[in-house]
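Here chain A shows up in two complexes: once beside chain B, once beside chain C.
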Partner chain A sequence: MTVLLALPALLLMAVVFGWPMLRYAWLSFHADSVLTGLVPIPNGGANWLRLLTDSRFWLDAGQTTRFAIVSVGLELILALAIALLLDQRWRGRSAVRALSLLPWALPTTMMALGWRWIFNTPYGPIEQVAEAAGFGPLNLLSTPAMTWIVTVLADVWKTTPFITLILLAGLQTIPEDLYAAFRLEGGSAFQALRRVTIPLLMPYILLSLLFRMAQAFGVFDLIQVLTGGGPAGSTESLALYAYLNGMRFLDFGYSATVMVGGFLLLTALILLGALLLRMTGALRAMQP
Partner chain B sequence: MSSKRSWVSSRHAVLVTLLLIWSLAPMIWQLISSFTSSEALVNGAIPFQNRWTLIHYRELLSSDPPFWRYLLNSTVVAGASTVLTLVLAVPAAYVLAQLPRRWRRGIRSGVMAAALFPYVLLFLALLELARNFHLGNSLFALALPYSALAMPLALLLLTAAFEGLPKDLDDAARLEGLTLRQRLRWVMLPLIAPASASTAILVFLFAWNEYPIALTWLSRSDLLTLPVAMARIAGSSIYSIPYGAYAAATVLGAIPLLLLVLLFQRQIVSGLTNGAIKG
Partner chain C sequence: MRRGFRIASGLIGLLFVLACLAWSGQKQPVPVSILMPAPYADASTQMVEAFNREHRGSIHLEVIRGPLETESISDLAISSLLLGDTPFDALLMDVTWLPKYAEAGWLEPLDPWFDQAALDQLILGARLGNHHKGQLYRWPLGADVGVLYWRTDLMDSPPSTPEQLSDIAINLVQTKRVTNGYVWQGRQYEGLSCNFVEVLHGFGGQWLNPATGQLELDATSAARAAAWMQSLITTGASPKAVTNYSESESLQAFKAGDAAFMRNWPYAWAELQKPESNVRGNVGIALMVAEPDQSPAATVGSWGLSLLKQSPHREAAVEAIRYLTSEAAQRERFLNQGYTPTSKSLFTDPELIAVSSALPEIAKALDYSVSRPPSPLYAQLSDLLQRQLNGLLTAEPEKTNRTIDTATAASAAAMNSVQTKSDMLLRATGAEA
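Take a look at the complex of A and B:
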């Protein structure tokens, strides 16, 4: 009977995670918008046909994937450097670790607003410095390329601490003797990093990659507040597109289709990534 | 660890300083801006001693609703979500930890998949539920989706904690004639207190910061949580945003989190790492 104790928690999860996906799957085969008076009417596969030829969906899918890969990649490199620094013993390490955690703890929308001021043209500090150095206005939030870089930067700033902590936990499992032995055999510090640290850290790297890729693929808060998807849709993510379809265009049928489509794409990407890893043999390192 | 300690300390200090600048500079810039008068924000020629003001804070606290209201709302939502999550997750984790190995693995993969799920995709169907069951514009109702969304992490952390306890303990307490309730309350709970604390602080932070669900469930301006209030401020207009006031809002909004991070650093770190790794 004690099994019943698990029921409320699992039930709540089933409703909140499971029901929406069933509902979307159903809605994606219905027209449900202002045109139908917000009443779902079966429309066969019309939503799905539309999705396949919707250039905005595929553009956003590409942009979201690119955003996820570039920002998570940068985060990983930066996090590895920071984790190596924090893994060493020095006075005040714990205070520095706490402060470096702060970006992760702050609400995304709050910092997105902060970034809008920092990247403001012409009054923000970056523009002021660029102006003084003679680079002219950078138009950080009004040219597509610059805005994209700024968005990635804001995401890297916020989520690097998460990867840092995972990698730090991994570093602490590597016995010091291994390094001593490696040095005795004449290996340099860089070789130690490449031949000892990174291979042993691989399970932790893959784990943080998995978590962060999934999160970055669903990026919403940052983009909605920082750029609104602009300029000219150049930073729009799939989640934002689904949101706009539902909440602005009031087209729930198509919004649901975009969400299922996005979810399928993400699943395909993760499977593809796992397949690539398996082919390169990196997954074997996953077994602790 | 001798080799690690012998690292050149000056190079070290430089790297640590860089790390701190990277992590804190955006916040410090907000702090400076929040005390700078609106004219000085757009005019660098104003002399140093004439640039400073408290007006942004005064405006923020006298607006309607006053800014502290959002902080209060976020605290209520986050507190309610934390309590609800723990109340549901602790007994569930106790049960899950006792299931036969085969089952446990299956349930764990399911929970892990939910933990990875980009939950923003759920907002539309959850909004429908909120409409049908009249859950919109209620801070306590918001705790329902929040604790469901935080549940995967809570289950991963707490199940691992229960699995770490000696199995004989529960049996011995049972033989002593303690009921399930008594065993949970007096034997198990004290032992999993560290994992519960980690879970609590992470759920609290998640609920405090959550945006898309709060955005769609709350519309009354006196009920907005901090993230939604901030976004609404940002959405007003791109060109006429009074940045001084928003910098002040950022500072006020960051203070509670700064305190939480400094006070509960240990719990946050162990929760995040265990949640990802033991899962």
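Take a look at the complex of A and C:
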């Protein structure tokens, strides 16, 4: 019965997710480019051999992972703080709750275009302030290290509300009585956060982590518009590299290989994360 | 009563059948749809209306207003072509897409409709980049080449060598007459390749040797060209921010009066003459600089119309292409929007020169046109160049003072790397450049 009820959802997943994935896996064993007249021709593991020795793929994989971990980590910390604040009772809370969702509601492309002008040298407001303060041009979008920070910043600004929303929903499921009981036992507010809030919020934290990691790993629109992958490819993500190979170079065989390769890496990363969590969980359980 | 109802409904039915017959008997105009980037579509609105008036009942032309950015247009067109049922009959194409699209089998040759005489009346810059493997696949809508804009209020004549350009720019920045000397396109995108091709030719090099089919970025000329571009930033002749500039950022700096030189396309001229421009009336156009014994060069960046193989309305689509590229249309586009014409004769037309005194200089630049490598793999080759070159331009200068020798060594290494990676790519895909 359970299987039967889940069937429509499973079918939908198979059509919109399973089939394209299988199709890409199949395509990754074919040469399909402008040179084959866009006809897929089996070429064994040639694409995969090329991927293994493609320094750019591994560079982008490293950059994408670093981007995903740092921005999602920052988002989680910020979102937890904001969610705790928005969970308190104060005047104007509902207005601020609605407003705090605004960055999430904006289309990424528009937002990225906005950031591109904000960080523009020398006409952007940030450079103008830096110039007036005597810091000279910062060249925010033309130095690899600075540009990387800027992309993380833009992503954090944009997607923190998403995690905030999930955590806020989680906070509202924690009964008030628990805190009352904790206070009665003489626990401080900080202890309440550590002993009550975070453990009960854990499922929500994990859920948002999973969502956001998968999303950040596939980051495309923000980087495409803000930096185009530059300077010198230092902000290029795997999704951008796959897009370049497919749409720009018309090499669909290799583009599919990059995509499937990225998918395998993400799966490995999530499994590794789950394993680490389980291990730390087991460690904690051993402690009295 | 019932009978009257029956007669009435019978009559209505008859009327309906007659109306259907009459409607099907009437000749339906052939629909033609052309995809263009937004600015070109906007510039064609009146022309499309005129075309539809003249062809009432036979052809109905519709120009689809695509996105603004070059690559977004390409993405849109490619998506529709891949699905196999494109709603477009013709496409306004950038010069670099042609070999890729032709090789993918998406384009229909235009040779049956345009003869040698038609080709001969085009100016050189418009004639380049329309053929692939000996067949004509594109008819130019407007000519486009890179030129050097200079400030007539800051100097008497434009520089002609790289050294002169650097010296003047550094001097003007140091004496605080401008904040930025020379602005160009250093962002990691196609514009950087266009900038590089001009400098490369100015130093006597070339990207692809058309005679041998070999890439020549490992030549000394390529290293020297890259070293000069890098030196613009390290010496302060150009602001470091140019490494993230595209055309619009360069134009903004130059228009605000903050720069002494700008590399850009001819469209910038009209922008610089607008009332809000700070440099109105103080701008000259010249060819890009070249070493004293070398010929200057201007990268071709023209747009043109291609007929899609999938189009079921070829004759009607070609009729529309002819109309939109006619001399009358070129004149109208030039006078109203400032788009450069393609016919030789229009460049000496007094009425046009009266509107834009820059026209003779643009005509001269068009005669020095050079193409980017016409390869189906061009996008990959250019991407490799952009990465390395942008990396070179944004590299932190070493703490010790850089000598000319170490700078040239770094750029030689970068260019050699592009050459090696490009050759590897060509071998991996089994293609010729």
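Everything that follows uses one rule, which is that the second predicted complex is superposed on the first by the 262 of 288 C-alpha atoms of A that agree within 3 Å, B and C clash if a C-alpha of one lies under 4 Å from a C-alpha of the other, contacts with A are read in each partner's own complex, and residues count from 1 in each chain.
Note that in this section a contact is a pair of C-beta atoms (placed from the backbone, for glycine too) under 8 Å apart; a residue touches a chain by one contact, two chains touch by 3 or more.
Please read these numbers as outputs of a predicted model, since none were measured by experiment.
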{"item": "First (chain B), second (chain C), both or neither touched by A:S100", "value": "first"}
{"item": "Touching partner for A:M247 - first (chain B), second (chain C), both, neither", "value": "both"}
{"item": "Which of chain B and chain C A:V34 touches, first, second, both or neither", "value": "second"}
{"item": "Touched partner set for A:R183, first chain B, second chain C, both or neither", "value": "first"}
{"item": "Touching partner for A:T143 - first (chain B), second (chain C), both, neither", "value": "second"}
{"item": "Of chain B and chain C, the chain that contacts the larger number of chain A residues", "value": "B"}
{"item": "Interface residues of chain A shared between complexes with chain B and chain C", "value": "120, 123, 228, 247"}
{"item": "Parts of chain A lying in touch with chain B, wherever the complex brings them together", "value": "2-3, 5-10, 12-13, 15-17, 19-21, 23-24, 82, 85, 87-90, 92, 94, 96-103, 105-118, 120, 123, 125, 128, 157, 161-162, 165-166, 168-169, 176, 179-180, 183, 204, 207-208, 210-211, 214-215, 217-218, 220-221, 224-225, 228, 239, 242-243, 246-247, 252, 255-256, 259, 262-263, 266"}
{"item": "Residues of chain A defined as touching chain C within the complex", "value": "33-35, 37-38, 50, 120-123, 137, 139, 141-144, 227-233, 244, 247-251"}
{"item": "Residues of chain C that touch chain A when the two form their complex", "value": "71, 74-75, 78-79, 82, 100, 103-105, 179, 186-189, 239-244, 249, 252-253, 258, 376-377, 379-380, 383, 386-388, 390-391, 393-394, 396, 428-431"}
{"item": "Chain B - residues contacting chain A, complex", "value": "1, 3-5, 7, 9, 12, 15-16, 19-20, 22-24, 26-27, 29-30, 33, 41-42, 44, 88-89, 91-92, 94-96, 98, 111, 114-129, 144-145, 147-149, 151-152, 155, 180, 205, 208-209, 211-212, 216, 226-228, 230-231, 233-235, 241, 243, 246-247, 249-250, 253-254, 257-258, 260-262, 265, 268-269, 272-273, 276-277"}
